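We call the chains A, B, C and D, going by the order they appear; numbering starts again at 1 in every chain.
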Amino acid sequence: MPESPARPLGIALIGYAFMGRAHSQAWRSVGAAFDVPEIERRVLVGRDESAVAQAARRLDWQEHATDWREVIAREDVDIVDICTPGFLHAEIAIAALEAGKHVLCEKPLANDTDEAVRMVEAARAARERGQVAALGHTYRRVPALAHARDLVAAGRLGEIRQVRASYLQDWLVDAEAGMSWRLRKETAGSGALGDIGSHAVDQIQFVTGQSVAAVRGRLATMVPERPGADGPEPVTVDDAAWASLELSGGAIASLEASRMATGRKNELSLEVYGTDGALRFDLERLDELWFLDATRPVTEQGFTRIVVTEPEHPYLEGWWPQGHVLGWENAFTNQARDLLLAVTDRDPAAYSPDFEDGLALQRILEAIIDSDAAGGSTVRL
Amino acid sequence: MPESPARPLGIALIGYAFMGRAHSQAWRSVGAAFDVPEIERRVLVGRDESAVAQAARRLDWQEHATDWREVIAREDVDIVDICTPGFLHAEIAIAALEAGKHVLCEKPLANDTDEAVRMVEAARAARERGQVAALGHTYRRVPALAHARDLVAAGRLGEIRQVRASYLQDWLVDAEAGMSWRLRKETAGSGALGDIGSHAVDQIQFVTGQSVAAVRGRLATMVPERPGADGPEPVTVDDAAWASLELSGGAIASLEASRMATGRKNELSLEVYGTDGALRFDLERLDELWFLDATRPVTEQGFTRIVVTEPEHPYLEGWWPQGHVLGWENAFTNQARDLLLAVTDRDPAAYSPDFEDGLALQRILEAIIDSDAAGGSTVRL
Amino acid sequence: MPESPARPLGIALIGYAFMGRAHSQAWRSVGAAFDVPEIERRVLVGRDESAVAQAARRLDWQEHATDWREVIAREDVDIVDICTPGFLHAEIAIAALEAGKHVLCEKPLANDTDEAVRMVEAARAARERGQVAALGHTYRRVPALAHARDLVAAGRLGEIRQVRASYLQDWLVDAEAGMSWRLRKETAGSGALGDIGSHAVDQIQFVTGQSVAAVRGRLATMVPERPGADGPEPVTVDDAAWASLELSGGAIASLEASRMATGRKNELSLEVYGTDGALRFDLERLDELWFLDATRPVTEQGFTRIVVTEPEHPYLEGWWPQGHVLGWENAFTNQARDLLLAVTDRDPAAYSPDFEDGLALQRILEAIIDSDAAGGSTVRL
Amino acid sequence: MPESPARPLGIALIGYAFMGRAHSQAWRSVGAAFDVPEIERRVLVGRDESAVAQAARRLDWQEHATDWREVIAREDVDIVDICTPGFLHAEIAIAALEAGKHVLCEKPLANDTDEAVRMVEAARAARERGQVAALGHTYRRVPALAHARDLVAAGRLGEIRQVRASYLQDWLVDAEAGMSWRLRKETAGSGALGDIGSHAVDQIQFVTGQSVAAVRGRLATMVPERPGADGPEPVTVDDAAWASLELSGGAIASLEASRMATGRKNELSLEVYGTDGALRFDLERLDELWFLDATRPVTEQGFTRIVVTEPEHPYLEGWWPQGHVLGWENAFTNQARDLLLAVTDRDPAAYSPDFEDGLALQRILEAIIDSDAAGGSTVRL
């Protein structure tokens, strides 16, 4: 445990919808689970005074506020946690970094590459001052995925040759489900590709330790028009996306993301095949990692279902005895732990992914879109 | 949501080991997840001043204390949550009930039937005054098990004929693992049967809605001697237990509990077979309920893997979008929710299991022990 | 491959219902799959001339006959394969052995212990003359179960402590399903216990290499009366059975057999827990063996799904490339292989189970029935 | 059952390696399993006199021969079953059709499109004469896949939108595994794409009832050089292939085929997503079909594991009682059944896939290769 600072670290959280609730849970739990510096859940920020007041009470924050600019200027705020819609990320994050705060920004980093570039510039400058600029690709803190990365890094799979990643959901199957900001390009930037496909791309890079070097892509909008407030309205983002990715180490990865996969609720799945072994993971059974060790005797080979709940597994020192499984939300607490340790040490390099990783992801997603626009042909990064 | 009381409900938690940590998590989270009356995590109680002080800080309680008698006398404490070792349950629970407090007592209710009987008497008197005396068989609040109970209660399985329940762990496989209070009859009362078999019996009764009427049992101590402080010491409780149970509705249930099941980490599993359908559940995949509807066309029949994370499923209104799975700890928060609602309504009947259920469980476990002592012959309840 | 005899071995098969069809398939296939002495499917025997003639044509036998006594006297018949109902086993098997033939007798060996004892006597005498008397517990030839036995025999599980075996079917769930000879004690001898429970007991002994030393049992007839030709008729055998078995090596095994397990089609399942590892098997996925090696690093432990289709796996030298899975019927061909090799070598000791194993099984089943009649108390063997 | 012809149908089988063995098993078993016209396994054909003589004895054929031209001229041969390497298919099939025989040709239809076109022309002419020209995409006769097709055809999935198909094996993972004819373009035509990817494409079209209209593809040769007889030799076919397919009904299908997927033995998997339901299948568990009915109440929805062994399921009338699972080889027997019925009725339209389906498949595979050569851009069919 790093040396504790003079006073508890003050957290400000901006946004209290789905992600804001999940982050609140993490900030409430991190000190109970892990040896981290003391924190205070100082202030919750939202635009609607009465709603944010109620949310602050429910989610157990000391104060609430409606003006994020005032909040990031506060002396007693050390970390600004941004859970707003994506189009606000750049403005808030840059201001907070310039105000000397550490920042945790939910994914996607920004709505377009220009914004992302400016955020990266602000983060670079802040890094010189020891500030952390963290990106919330929380699934890196699911213990089974962290364990997968460790096994690959330790060489247990040998050389990686083939990766399969998919993220399948079904919440847009109903063609009568109405329009929303998530289905318009101007507000959402992208559809299934950006929203969930980005998680799959991040996992491909995280687990293999390789980066995407070239892509071929396809997008589809299966329900081209949905009921809007004033009658039928065109859907301007993708319902599903596919890509074939060349990785820097020579492996090929396939990617599939869909919100039209009937019966799939939240199925991020990953398969990694190497010369000496293989891995499989599925987010709907997130406590399990399936590992095949191809160096074992052939009569005993097969995928082993590892229940990733042993004290020796990543992050498990903070949780329950073996077999007492974790859920989706615990990864947010693990993320808060890692962030607090990096912040306390003022060591931005200790935390990833950072804003540069976010920019790189954005460029990959745009390359996939460009490839589809060009009939599927290769786009290099 | 019931009408809120004048001031927040004050909680006192006694004990801060494994169960105390899990209950703390629940008290921290319940207000964020559910529409419940406001609470305050008033005081954490333990014997060691410095340790309890540190625990109170980590687990986010307002105060700490070392004398539980003083704490249960406090005006600002409404609910006493008992997470001490079992031999202290009776004394604390009875005193707290007599002091007019609502009580949540971790399982097992007591170390022997005499104590349990006295606790039930105290609970009956308290019930007249509107106090809740709740028993912590938390697995009733795992959404998939609550959903299982609902399906049975709705008649979807028809008449229940056969039940299979087991609770398998492996933490005593190593014969060199040393003695502890859990392996001595005088301190633990019972071994695998009481510790984990009791959960399986509770689920059999909870899900089927039938009670155990007669038992045949077997106990075994597979490692009869383990290293103690002063050399080898006899293990005086069971490592594993088996029983065949006749249920009040005519069904037969089999029971198996073991701490010697190599590779099984925390595997409470339940199978229920009825004239019109069947159910399967496994605690290591606790978000899933497998349901077979035998009234469907035979070409389409089979066990359906229901991911119990829809808003319409029990307790899911408080949690995350579909497919964002819960873990072991969330059931404690669900339990806190139900308790708070019963407490606010001063309606002890709204909460189960209660102390009488705990006494009934104790009698079943003792009947199994008696049957084994009699060579396996039937013992009626 | 053993030296081939002067002329092909002649096979006579008595019975052409379910088991007769399965055995015919085996005799048709064994020479294609394995290096075995040449055989001829000489004659199929049944009581109904026209029906057996048609069956012989369909199942590809050279001849048919209606008098089994004449058939077992034929010079050109070497092996008599008995697939009749159980009450005819003793008479035919004893006569065939006395006529100098090798015998394969379907399970159960006999309808009662007296018959079984006489069969064992005949088999002992025949063994002196080099004749094989084989019992058809075919599941011993499912490759995954043979592999399980090999792993235990090689010490990979250490000392076996706990075994769980069950055989669950659902074909009697419907209370309106009519009476048949299988539901009357005088014709069937026993119900679920003898019919399918016997397979589970055989596997417990086969895989662990331990024998049953003492039992506690329970039987239940859940539908006590079913529609008969002349109105309701009592069911006089068990629908389901349970037992707790002490094994010769000190392990405890639980047994459960049922024809009332809604949705379970043919689910023989086995779990074996030892000091160094564990195994799981399920007949509905019979190409898979799940093996846990508890000596592996804890972060990589878990049940490994071995697809038992490698050339190095038992019996797989005769079948298809890896991953091209086998079905239920292939075990009969494997059984025919082993029998032919023992017959050619005139080495009865090379084949198991034999009639003595069948008698031992019968005594175990009767002990379970006796225990139930005595209220569940222990019966030693 | 169709009216039986005057004499048994005579079968000639050319080739006795892997596929020849599997076809022999089918011809030996089909009459026992199904109500089909009587057949005789007349003659097995191979180039090596002594080897084919031995094979004919083992595989139970009446005669053997070395000159396929003489065999297809025989009066007593009605069906010519071609299991030779692909480069011989065209010559033999065209000659056999011209000789008035029915033909079953193993996949792939031919080594190139020119050959395939000539085979289709011969088949068209033969069809006028009532001759069947069948292509051996045997997996269409796996009961679970036939059931899948039936469910889609009955509208149970609504409109199909998304399909995922993959065929993963691992037999080329070892970079030291030597060269063979399968790894040279001139002898094999194609690698993983043609050998196993073709099965996946056939299933996509078979189950959905839609045809491929346009493709985008990628090929990779992960081990570019392998040990040959005279030192390192270049591998000139693909080790793995990927494609994105537009189907005639508007659905998008993804395809992945690999011989480098460590730990995957023979994993053809299929997922189909429609507006009203979804399906999943995996060849390593080929008795199971997973079906999700999205019209069921949301609290009970999920993938149902249908064990496709009920008498009401496709082909199961010929096999064993429920839960007695089939293996890989049984599909060949089912295929023989369908072929015999079409032959007896002289109704070529009753059997699919035919040679035209084979040609269409070949064109799809070539389009994928062309797309990859063009950097992944779209190729329409």
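Following the convention adopted for this analysis, contacts are C-beta pairs under 8 Å (C-beta built on N, C-alpha and C of every residue); 3 or more make two chains touch, one makes a residue touch a chain.
Worth saying up front: this structure is predicted, and the values here are computed from it rather than measured.
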Check your understanding: Steps needed, at minimum, to get from chain B to chain D via touching chains?
Key -> 1
Study note, to complete from the structure: For the copies chain A and chain B, the interface residues, called same if over half of the numbers are used by both and different if under half, are same
Exercise for review: Please work out the Cα centroid separation of chain A and chain C, and write it as a whole number of Å.
Suggested key: 54
Practice item. Take the average of all CA coordinates in chain C, do the same for chain D, and state the distance between these two points in whole angstrom. Key: 35
Practice item. List the centre-to-centre spacing of chain B and chain C in whole Å, with centres computed as mean CA coordinates. Key: 42
Exercise for review: Find every residue in chain D that makes contact with two or more other chains and list them.
Suggested key: 264, 301-303, 307
Point to revise | chain A contact footprint on chain B (complex, rising order) | key: 18, 21-22, 24-25, 28-29, 31-32, 38, 57-60, 169, 171, 264-267, 283-287, 307, 309, 320-330
Point to revise | chain B-facing residues of chain D, complex | key: 147, 291, 293, 298-307, 310, 312-313
Practice item. Could you pull out which chain D residues touch chain A in their complex? Key: 157, 161-162, 164, 166, 170, 173, 175, 216, 218, 220, 222, 240, 242, 244, 252, 254, 256, 258, 260-264, 271, 273-278, 292, 294, 301-303, 371, 374-378
